[in-house]
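Each of the two complexes below includes subunit A, the first together with subunit B, the second together with subunit C.
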Partner chain A sequence: MIISEKIISNISVLTPEGSLDAATVPQLKNFTAKSEVTPTLVLNLSGVDFLDSSGLGAIVGMARNKRESGGDVVLACMNDKVRKVFEITQVARLFHIFDDLEAAAGYAEKQQKSL
Partner chain B sequence: MNTTIILPAEMRYLRLATITAWTAAEIFTDTLEIKEGVHDFCHAFELSVCETFSNSVRYADPANEEKNVTICFSSCNDSLTVSVSDTNPPFDPVTSLPDINSYPEKGFGLFMIHQLMDEVTYTREKGGNLITMTKSAGKHEK
Partner chain C sequence: MKTIIVIREKDYRWVRHVFPDIHPLLLPICNKPYIEFLIDFSVLSGSREIRLASDGPLGEVEAYCENGSRWGVQTSYASIQGTDDLEVVLEKNRHFCSDGRSLVINGMVFINYDQKQEYKTVFASLPAGELLSCSGGSLMLTGVPENSGSISRSCPFSISSIDSVSLYYNLSIDILNDASTPYVLPGYNNEELCHIGRNVIIGKSAEIRKPVVIGDNVQIQGGAVVGPGAVIGSNVIIDRESSVIRSVVLAHTYIGEQLEVEDKIAAGNMLIEPESGASLAIEDPHLLTGIKKSGATVPFLRYLLHTLVALTIVVFQLIPFLLLFPVLKLQGKWKQRMQECFADMSGKTLKLSETAIETGGPISTIAAFLSLDRFFLLFRVLAGQLAVIGSRPVPATSENRDLLNRMPGYRAGVFSYAEAEDWPVEADDMAIVERFYAAQGKPLRDITLTMKALFNRIHDKSLP
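After this line comes the complex of A and B, so read on.
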């Protein structure tokens, strides 16, 4: 799995690419543990072509950690397969989900300014 | 269709297991000349095999260097069945959804399989676990 990071609207945008599953989740966890991201971040899922329950759990855990410290995780650009996993588990209702990356970053910036 | 693949119980083989599941489902729908709902049908097998294979790897005996996971596909009329077997100790097949508001990181796998498949059975066989999952290609969305 390749994970890249950039800043949009003063917000860290993490972009994992490939399959986010039990085999690759440790890479995402290592990356987020080592990188200095903004309190609220956008997880750009446009490059994730497959998500399993381990990947879903990792995203839920990331959101819990961020929210416990006053930040948040905003989700963007998930494909139909990934969205289905969020919907059948009802995890979708925990998140603000955007189809557009700029809109997600804009929302996250407003959230961060209100901290 | 009657196809079996035996993989080492190692997480690095997970993608091979899931690609095989998607491809088996795609071949099955091609054979039946099914056009509608193929993507959802293939995804159901891809995800269900992913969840069961990764569970088998997670709970495999690390002392057993010969540990494998067997994935078997078989068809009957418009239904495709995949069975995933291992040599692991028994487990409690909890199928309820965890409390979402507690931000759980685990416990979604079997629940998802039951949501995606028409029929799921768990049995102990030959000293291991056998999960059998069946879905009809005639039911486009569950």
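After this line comes the complex of A and C, so read on.
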């Protein structure tokens, strides 16, 4: 799995590419632990083509950690397959989900400023 | 032109309360699901792409509408939060709304349109902003008018809210009574005020009085009177000498012999008085009852595999159980209590024993490692009452009945899917895992997950 990071509107945008499953979750966790991401971050899921329950757990866990420290995780650009996983598990209720990366970063920035 | 339909759980709470088995967007109005009226209007407005955005589950709607090719449009789906205002919803769907104009249908509103009209040019000349509003929601446009030279201010359609059972009933009856109905209604129609579906069997002495709409697979027995003003859903049986007048009978309902249904809504075994909203559950299945939908039975393969797995675990646990159970019982460490739990989505209940092995001592540890606390429950799998792996049994209370509606594919199991995963730390996490695997419906995977659950329990630090 390839994970890249960039800054849009002063917000860290993480872009994992490939499958987000039990095998690749530690990679994502290591990346977020090492990287100096902003309190609120955007997870760009446009490159994620497969997501299992472990991947879901990693995203939920990441959001929990961020929220405990006053930040949040905003999701962007998920494909239909990934959206369905969020829909059936009702995890979609827990996140702000955008179909546009700039809009997600803009929203995250507003949230971060209001902290 | 694109259409975005924004509907929140708070907009349709009353539907969930009155018709718990029907998704509000699929609520039939004269046998046509509500969402189809919205799609028809969107198509008439010139939309080629429709997005449904909701804070509630959309799975059933998605299964019904699929990709929208049936209507010649492309449908997509999006999740929003219940607290999002319209501005945030549009931001969340910025990419969808980015090019051209977008029609926003906000709330559970009914649009009074005419299928013979063409609204494409009307929408091209209407200004951006809110077009119409009512207590249940609004209609608005975004983007610049295409015909900026001739901006029109009048809308040749109106909206009304559907926020109570009486409004729903009146709307259905009004559409039914309109001889020149402006909507396309389902069923065969070669005369005014009469729409009849496929595979409708009408007994010799039965009487059909217009106006009437009858769905597919309906049996109307001899001596029965249907109409005037009857909306009969699909898969309905109206037994001998019964009458259905000025009433709505929803799909999968059996109307018993000599029953008079007048100015009512019948749904399963519920008889609803539309004006007051009062409902009465009929206990006698010979009078009024729901007809079971096919496919509700447990697939045979899953039952077979679960039984085999349960049998294997029973054989494996039998000797340790016979040796350890009497000792733990004598030590008072084997605590057992009975609890009424929901068995599956239908709301069927089961009395299950919940066992807890008190901590302390090697015997307790071995019993917990071997999951002997689940030994008795395994026999329920053999009886076809429980799954070997599924959801944690939910106690049968009225509050939890609503919770069950939020757990698609719920089936109580001896082991929980959540026990097969390492990450759940809270009850909400466990529910996520359970919903994930319940939706997959792969019996062979269940075997692997059961093994994982057994293995994880050995390493569970919370066990004695």
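In this text, the second predicted complex is superposed on the first by the 115 of 115 C-alpha atoms of A that agree within 3 Å, B and C clash if a C-alpha of one lies under 4 Å from a C-alpha of the other, contacts with A are read in each partner's own complex, and residues count from 1 in each chain.
In this text, a contact is a pair of C-beta atoms (placed from the backbone, for glycine too) under 8 Å apart; a residue touches a chain by one contact, two chains touch by 3 or more.
The structure displayed is predicted, hence computed values, not measured ones.
**Q** State whether A:50 touches subunit B only (first), subunit C only (second), both chains, or neither.
**A** In the superposed model, A:50 contacts subunit B only, not subunit C.
**Q** Who does A:107 touch here: subunit B (first), subunit C (second), both, or neither?
**A** So A:107 only meets subunit C here.
**Q** Using the superposition on chain A described above, determine whether A:69 touches subunit B (first), subunit C (second), both, or neither.
**A** A:69 sits against neither subunit B nor subunit C.
**Q** Just to be sure I read the superposition right, which of the two partners does A:61 touch: subunit B = first, subunit C = second, or both, or neither?
**A** both
**Q** Does subunit B (first) or subunit C (second) touch A:91, or do both, or does neither?
**A** After superposition on chain A, A:91 lies in contact with both partners, subunit B and subunit C.
**Q** Take the contacts of subunit A with subunit B and those with subunit C, and give the residues found in both.
**A** In subunit A, positions 52-54, 56-58, 60-61, 80, 84-85, 88-91, 93 sit in both the subunit B and subunit C interfaces.
**Q** Using the touch rule from the top, collect the residues of subunit A that touch subunit B in their complex.
**A** Residues of subunit A touching subunit B: 19, 21-23, 50, 52-54, 56-58, 60-61, 63-64, 80-81, 84-85, 88-91, 93-94.
**Q** Contact residues on subunit A for subunit C in the complex?
**A** 52-54, 56-58, 60-61, 77, 80, 83-93, 95-100, 102-103, 106-107
**Q** Can you tell me which positions in subunit B touch subunit A when the two form their complex?
**A** 11-12, 14-15, 18, 39-40, 43, 46-47, 50-51, 54, 57-58, 97, 100, 103-106, 108-109, 111-112, 115-116
**Q** Along subunit C, where are the residues that touch subunit A in the complex?
**A** 55, 57-59, 62, 76-81, 88, 91-96, 98, 406, 408, 421, 423-425, 429, 431-433, 435-437, 439
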